[in-house]
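Shared chain: subunit A. Partners: subunit B in the first complex, subunit C in the second.
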Partner chain A sequence: MKKFFMLSNEEIKRSFKLYLSILTMLVIVELTSVVYQVLHYQSKLEDLMKKERLTEMEAVDQLNGPLTFGDATNYFKYMIAIGIMFTILYAFQIWYRDWYGESKYIYRLLMLPGKRITILLSKLTTVLVFVCGFMGIQWITILLSRRLYEWLLPEHLQAASKIIGESAALNMLYTFNVIDTFVILALALFVITMVFLFVLTERSYQKGKALLTIAKDVALLVVPFIALRYLFDLTSMLIPNQQVFVYLSFILIYFAYISWKCVRLLNHKVSI
Partner chain B sequence: MRRYKEMIIVGGIAGVTLLSYFGYAVSIKGSDYEVESIRKENAEALKKVNIEIENGDIKPTQYNIQLDGQIHSESQNYITGLFNSYAADFPADFYRFLSKEDVFTSEMGSRTYGIEVKASQLNYHSYDKSTQKQFKKTLSHRLTVPDREMADIRVFHQDGMNVYVQRDDHGTKEKSMVLLLNLAKGKVETLQSEQLKTNQERHYVAVNDYGIVYRDIVYDAEGVEKDSAYYLDNGKGVKRIKALDTYASEGNFNAAEDDQSLIAYGTFDSEKSKSIKWNTYDFKTNQVKEHKVEGSHTYRFNGSYTMIAKDKLYHIANINDSDFQVTVVDTKNESISYQGIIKDKNARKNRLVQEITVIP
Partner chain C sequence: MLEVRGLRKSYGPKKNVLNDVSFTVPLNQLTCLIGLNGEGKSTILKAIMGLVPVDAGTIKVDGKTTHDSIAFVPDLSTMPGYMSVGEAVAYMRDYYPDWDQQVAEELMGFFKLMATDRIANLSKGNKAKVNLLIGFAMNRPYLLLDEPLAGIDLFTKEQIAWIFSSHYMEGKGILMTTHEIAEVEHLIDRVIFLQNGTIIQEDDSEEMRELYGKSVQDRMREVYQT
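Let's turn to the complex of A and B:
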């Protein structure tokens, strides 16, 4: 356990500045985008009133009504996409920096006494903690943005909406159901483990064989899925609820397989 | 501790911010419903009425409310969302039949029908949600097998073991047929078969002692409805039911329980009203009669839900942003047999009535 905490801390420490910089950038860009959207809306409103000689009410109508919180947070979805991209890239980088860094850190890691699974778990934990941080900070940014929106925009130009607005991306991430958050984190865990498998496979075999092995592992996920779908459509042998159960079981089995393979590669195949 | 500084900071940020989100999520109060009865005739019958309400905003929850005060709520999430499909309402083998590619499905009241036409046999399955009873029958016939892409088959009337089906073929020529599925004898009979004009559409409504009732809609070249009218075909001739002309464009007249009349309910009257209205057309007198009962509260038409079962009209509508008025009307003697309020103690908005089910 001590080794796990030590390694996790080491991983976090190595990305600490980068991670905090990205979080800070995310908050600043998002808050700035809210200010921009509110000011832009107000300036469009004033322009319309001046040029077309409209009353404020008429100008608001021409702009399709008051500014909703969903409109004000329109850029958040791009920031979420950047956050997801960062996480995936980071899942690659957390391994490759150990091989390609100046100090060849992977030597030290693999030579450490004890089980190598701890290395995998510490890296997995680090990426997952970062994902949790992204989700949490995004939530706090939404709350701050809401305050900003209410403070900057006169009340009669605001449209009543739920706390997170109407953005589909935000509504998917924040359903206000704790189970859904764990489902999102489980999905993140699955994707991160897949990335880890790709990296460890690439590090374990020669180029050609590595590519073939990766293709085989991807096919092991995709082909049965398509085959099951085809079989269910063709035969109607199972009702949708039973089909969902089969799909979920398959994903769980596949996850167990890729996790086992990651550990196996790390224990027996990975070369320095 | 200092050794783990970075881990504590990053973990702390993730933990505190996510916990604040969970705290917020837990603090959101859902609806807390209670049923307040204003008038009730038969307390035992109330147990059989189930009203399903869903919230359309954050933290989706489904509430099942019985008029005797029993309330169940179920919070929806991504996992339950995967399992809560249309199929959950049906027995497995019935759903399996419905999902076959060449099966035509239709609904009437609490019944769902599935019809599969093969070269010399017709497979008929039905399932009644309120009684949870399934019926299957294979009937022999001499019909052409419909092209799944160019045809439509739906049940429009059922009288005991006689099921009346409309079959439309939209091939090169528009054709509409009425088939009688005699479930007792296992036979299919063609009652009507007519070639329609290209700009004409037909909806069969009812079959009774007076004949077959249908509604014809004629469109202009731009596809805009030009004329719509109800007709009665008594086997000897077809006559336009002129008394229904003013209602024909709405097209909401359906067969009444007694088979001697047609009934229309849920017609728009005014956005806010106390009256619950419905219309009946009597074949004997050839007249439309407007009926109404006065409820206790002014309700909003928008979002109201009406259904009819066994001569009882079930009406549920918002009386304010969060509370609903439920009225059960005995259509035979035009009286209210039950009226009550589904009150939300937490006064949450944006709730939608999904379904009313009456268990016989």
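Let's turn to the complex of A and C:
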């Protein structure tokens, strides 16, 4: 356990500056985008009132109503997509930097006393901690953006809505529901483990064999999924809730398989 | 005793790297693994440490399948560049229960390494010294040294060569690969010649000198030029 905490701490320390820079950049872009959207809306409104000689209410109608918070945070979905992309890239980088970095730290990691599974768990924990941090910062940014939106835009130009409005991306992320949060983290865990499996497979076999093995593992996920869907569409033997249960069970079994495979590769196959 | 038996390793059906390699490394001796580039010397060391999976063979230390009593000193910088030498030493001390801090500090002093120096800013020779001091401070009975003298300046070579003849080597079983035979010739107890992943000759260096009347380096030239 001590080794796990020490390794996780080291992994977090190694990437913290980069992580903080990316996070700061995303937050700045998000807040700037809210300011831009609000100012842009107001300038369009003024232009309309001047050119068409309309009253403010008429101009608002012409612009399809007041500016909703969803419109003001329109760019957030791209920022969230960038955040997800960085997380996936980081899941690759957290391994490859140890092999291809200036120092070959992977030698030290693989030779450390104790079980190698600790290395895997510490890297997994690090990426998950960063995902949690990203979610937390997004929550704060959404709250700040809401304040900014309310402060910059006169009240009669604001559309009455709950804090996140209609934006699907924000609705997904801005949740205080424990189950929703758990689902997001479980999904992140699944994707990160998949990435780890790809990296460890690539580090364990030669190019051709590695590609074939990765293709086989992806097929093991995709083919049964399609087959199940086809089966459920064709027959009506299960109600939707039961179908979800079957899908979830399959994903759990698959997750157990890829986790086992990651550990096996790390213990017996990876080479330097 | 470190025993390597029937080690085989291939990359696909065409490229055999190790063919039935067997040898032993006794305590209190320096065994030198000699071969041209690409003969499989480093692969053997990595295989002993479990860093390269092998197709067949066993590696035992005093009858047990473990590498917990072996320290490996690779020929590359293996500590993260952002760490200082002091941090690297503290980091390793936390993981290794038998860590000998006194040896670490003595060697830092001997090598004139500053605890505050960043690993990333060290020269190749100083990075080799850090690797070496970590290897010795692990305080393990067997030590594997992969090209410890490669690509470093004359004075660093002399410093490292001095370590090899010092009390730090006492009681240890050393397996070393090197091309710089001349610098360590007088310290070598046993020589293993490797060619195409196969051991072609294994000799006691004293006997070899008596038998062939030649130095290890001359003998190496003879073996690989014929």
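Throughout what follows, the second predicted complex is superposed on the first by the 269 of 272 C-alpha atoms of A that agree within 3 Å, B and C clash if a C-alpha of one lies under 4 Å from a C-alpha of the other, contacts with A are read in each partner's own complex, and residues count from 1 in each chain.
Just so we're on the same page, a residue touches a chain if its C-beta (ideal position, glycine included) is under 8 Å from a C-beta of that chain, and two chains touch if they have at least 3 such contacts.
What you see is a predicted model, and the numbers here were worked out from it, not measured in a lab.
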- Task: Could you classify subunit B and subunit C on subunit A, in the superposed arrangement, as clash or fit?
- Result: fit
- Which partner does A:Trp139 contact after superposing on A: first (subunit B), second (subunit C), both, neither? first
- Partner chain in contact with A:Asn64 - subunit B first, subunit C second, else both or neither: neither
- Message: Just to be sure I read the superposition right, which of the two partners does A:Phe5 touch: subunit B = first, subunit C = second, or both, or neither?
- Response: first
- Message: Just to be sure I read the superposition right, which of the two partners does A:Ile239 touch: subunit B = first, subunit C = second, or both, or neither?
- Response: first
- Task: Have a look at where A:Ser271 lands relative to subunit B and subunit C in the superposition and call it first, second, both or neither.
- Result: second
- Treating the CA centre of subunit A as the corner point, state the angle out to subunit B and subunit C, nearest 10°. 150
- Message: Just checking: does A:Ser103 make contact with subunit B only, subunit C only, both, or neither of them? Give me first, second, both or neither.
- Response: second
- Message: Contact-wise, after the overlay, does A:Thr55 reach subunit B, subunit C, both or neither (first, second, both, neither)?
- Response: neither
- Item | Touching partner for A:Phe130 - first (subunit B), second (subunit C), both, neither | first
- Which partner, once the models are overlaid, touches more of subunit A's residues, subunit C or subunit B? B
- Message: Minimum CA distance, subunit B versus subunit C, superposed model, integer angstrom?
- Response: 10
- Once the two structures are superposed, pull the subunit A residues common to the subunit B and subunit C interfaces. 6
- Message: For a test of understanding, state which residues of subunit C touch subunit A in their complex under the given definition.
- Response: 11-12, 46, 49-53, 67-68, 72, 74, 76-82, 91-92, 94-97, 119-120
- Message: Going by the contact rule set out above, which residues of subunit B touch subunit A in the complex?
- Response: 3-4, 6-7, 9-11, 13-18, 20-22, 24-26, 28, 57-60, 75-79, 82-83, 85-88, 90, 92, 95-96, 99-100
- subunit A - residues contacting subunit C, complex: 3, 6, 10, 14, 101-105, 107-108, 110-113, 206, 268-272
- Can you list the residues on subunit A that touch subunit B in the complex? 5-6, 8-9, 12-13, 16, 19, 23, 129-130, 132-133, 135-137, 139-140, 162-164, 174-181, 183, 236-237, 239-242, 244, 248
